[in-house]
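The two complexes that follow have chain A in common; it is paired with chain B in the first and with chain C in the second.
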Partner chain A sequence: MKPIALTFAAAALGAAPALVAGTHAAQAHAFLSHASPAVGSTVKESPPALELWYTEEVEPAFCKVELLDGAGKRVDHGGLKAAPGDKAELILPVPHLAPGTYKVVWHAVSVDTHRTQGDFTFTVAP
Partner chain B sequence: MSVLGILVRALHYASAIGLFGGLLYLMAVARPAARCTGMRDPIEERFVYRQARLSLALLVVSGALWLWLVAASIAGTSLGDALAPDVLDAVLGETRFGQIWLARCAGAALLAVLLAFLQWRAPGPGHTKARRVLDGAAFALALLLLASIALVGHAAAAVGGVLNWHLAADLVHITAAGAWLGSLAPLALLLARTSASDASALAVARATVARYSTLGIVSVSALAAGGIVNALYMVGDLDALIGTPYGRLVIAKILLLLAMLVGAARNYLVHAPRLRGDAAPMALARLRQTALYELALGVAVLLVVGALVSSAPATMG
Partner chain C sequence: MRFSISTRVGAIMALALSAGIGALAAPGPAWAHAVCGDRVFPATLTMDDPGVGDELSLPTITYSPIRANNGNPSGHSLDYGAEWDKTITKDLGFALNGDYFTQRGAGQNLNGWNNITLTLKDELPCWEAHEFMASIGVIREFAKSGSAELVTAGAIDKVSNTTPTLYLGKGLGDLPIGYLRPLALTGEVGFQESDNPNTSPDQWNYAFSVQYSMPYLDQHVRALGGAAFLAHFVPLVEFVYSAPHNAATTGTISPGVLYEADVWQFGVEAMLPANAATSQTQGVGVIAQFHLFIDDIFPTTLGKPLIDKDLWEW
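The block that comes next holds the complex of A and B.
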């Protein structure tokens, strides 16, 4: 095959993903996308569990999430696990929460081995 | 982002590239060129296998160091504590990085056996069918060892799974880089060993350079296209390109690449056509020098890549 034809073939091969996917720039590194209870929100009842969705798939074995009460004391009992079927979501079981403001402190490891961390608060106010 | 981390990753990329590019060069450039000029075995043959064995050894060493650094990083321990059995157990058994690392280890071990066998059985008369099968298997493993690096990169971490367009572009990009950079050394060797006064050697050089040019054009096009897609995902817009450290590293990579392209273009357009008659000795020297100059720049690119893969892309959450 002539070099010119091969050039176009190779360029098409490499660029095909761009044509299909458009120019939307996806986010990289596992930052917190959204949570339930939502970041900074007030909920009327104690949530059944804390759910955290990330912008990348994470490694549950190396992620840490802690729930602290208003006094900074830890109120969860561990048990962090991946959501079944969604490798970018973590679920932390929580005990019944009394009304008040709570702080979530999370440390995540993406499947590309990069670490991120953050925290946020939410309020339980029946 | 530590200097050690950058060097280890850069070395790992370089060795995977050297491993794959050399074998590709042998199969797609050197052997066909030798055959079409009536030679039995190309003179690059032994060099390429040596390049492959050395690259594989460096791949294993850098791979082990990479695992060590990653284990310390994700477990949050010091380097010393990272070697504890339970830490390594968790990394290897419970993370995607660890699982892929184990699979690549198995691939490297198998390839080591194949390369040793090919070396032991080396100077046979031409190429028997058994040798061709072994060569094919070695090439496939080398390709897998290079391409699988993309599986532990940013592209493969996207929500919704590994099969995404960013990863497809990354695979194309990495493979093209392997094809281009990994074949420069054996090409330089052939040019160094060719005497302009030997007509048949010069004919082989012309055939080799012609085939190499095709490989080069295809690789560079695929590299550029894949790289553009990668940049769209990882940098996203002009502000991020100029305004973030990551973006500026991408600019550095592009500039180095353009410098390499200048050399490649001169080789293709100016020197390669002059591999005849009186102009041949100078053309041979220039071609070889340019190939080495591209190789040196390629090493610089890989150091920039080491820094890029160690840090957060400019498109932040």
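The block that comes next holds the complex of A and C.
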């Protein structure tokens, strides 16, 4: 292999990881890391609140989370807020939930303004 | 559509400079890469994804065994590629591809730069509820931008070509199919029109991929819980074909896996000859790629559109 090929290969192999390593302050899209109740789970009791943890810090003022029942009717009363001390967690108070399957619909804006969205279901079955 | 460039370095530097200056001068929100509704279409290795974005593939390394053919012994080639994707508006972007090619055996040893290709691509409004997105683009390969040694050996085109291309992506998350909802299909089809078909024939290029997104499974269908590390993987198969007007169709089938991190992606795939015509000239190869999400690494400068508007807003 000629010197120019070696130089290019070395630069290509080293540059990208070095770029990642040098970006400690990078903020990615805020995707759902995990939730309580968990995605697709079945719980025995109505949860007092819905908790969503994201992969990045989010801007609560620009985020939206709704809880829908099996008929598609919204059952929460709002009040979405960030968790104290954790800018990557959102908490939505929910009323007492009757047995059934519920759908969580969320829209998030990360602190670097990337927008993401998603939905999932969980079931309450005593 | 025709572009004029004097040298490889000059072109890359001019584009990088203009993009960098524009990015620094235009404040606005960062924009996502190929996201449509709940679906994230990851960067695929042997074909393009259906969106535009601010990304960098560096490097993409391809190893291809060359079979003994026409009296020549067997050998292999190694290709070191790079691709820079930059958004001009939220939905309009370009991609610049360059790569260094080496060949050992197969009758001759070769080293040199491949021709530069430039893609201009526009992402159409996506149908979020159905995770369906499409883009249209034009790919231009610049002959004589590569090494003369490769042109002489017939390893790269000595005639420029232009390929209008349609890109599609469809996630299956809107269907009531349970654990199959993380599946997604992407595809592209383009007609490569040569500047001189007598020297280099026109051809159809088409490709599609089948993907199963473990991140989608974890976030939308069923939490992986204790096996959460699996939520970074996207197993997939890519099928890529070229059908020249005066020769047999060739192609590769590439099964592999992508690993999705917060600001980067790594992918590796085997490259299997897709048909007998392909098997006559090449064996089972490997492709690996390290891919950076520039929109996540530099969200307020190089990673955002030069103009904070959507073409469809005008």
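One rule holds in what follows: the second predicted complex is superposed on the first by the 99 of 126 C-alpha atoms of A that agree within 3 Å, B and C clash if a C-alpha of one lies under 4 Å from a C-alpha of the other, contacts with A are read in each partner's own complex, and residues count from 1 in each chain.
Heads up, the rule we're going with is that contacts are C-beta pairs under 8 Å (C-beta built on N, C-alpha and C of every residue); 3 or more make two chains touch, one makes a residue touch a chain.
Fair warning: this is a prediction, and the values are worked out from it, not measured in the lab.
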item: Which superposed partner A:A88 touches (first chain B, second chain C, both, neither); value: first
item: Partner chain in contact with A:V39 - chain B first, chain C second, else both or neither; value: second
item: Chain B versus chain C as contact partner of A:T113, first or second or both or neither; value: both
item: Touched partner set for A:A30, first chain B, second chain C, both or neither; value: first
item: Touched partner set for A:E56, first chain B, second chain C, both or neither; value: both
item: Touching both chain C and chain B, counted on chain A across the two superposed complexes; value: 8-9, 12-13, 15-17, 20, 23, 26-29, 31-32, 55-56, 112-115
item: Residue ranges of chain A touching chain B (in the complex, touch as defined); value: 3, 6-18, 20-21, 23, 25-33, 54-57, 59-62, 87-88, 109-115
item: Contact footprint of chain C on chain A as seen in their complex; value: 1-2, 4-5, 8-9, 12-13, 15-17, 19-20, 23, 26-29, 31-32, 34-35, 38-41, 55-56, 112-120
item: Contact set on chain B toward chain A in their complex; value: 70, 73-76, 90, 94-97, 152-154, 156-159, 161, 165-166, 168-169, 172-173, 176, 213-214, 217-219, 221-229, 232-237, 312-313, 315-317
item: Residue numbers on chain C that touch chain A, as the complex places them; value: 29-32, 35, 37-38, 40, 56, 58-59, 80, 82, 100, 102, 111, 128, 215, 218-223, 225, 228, 262-264, 290, 292-293, 295-300
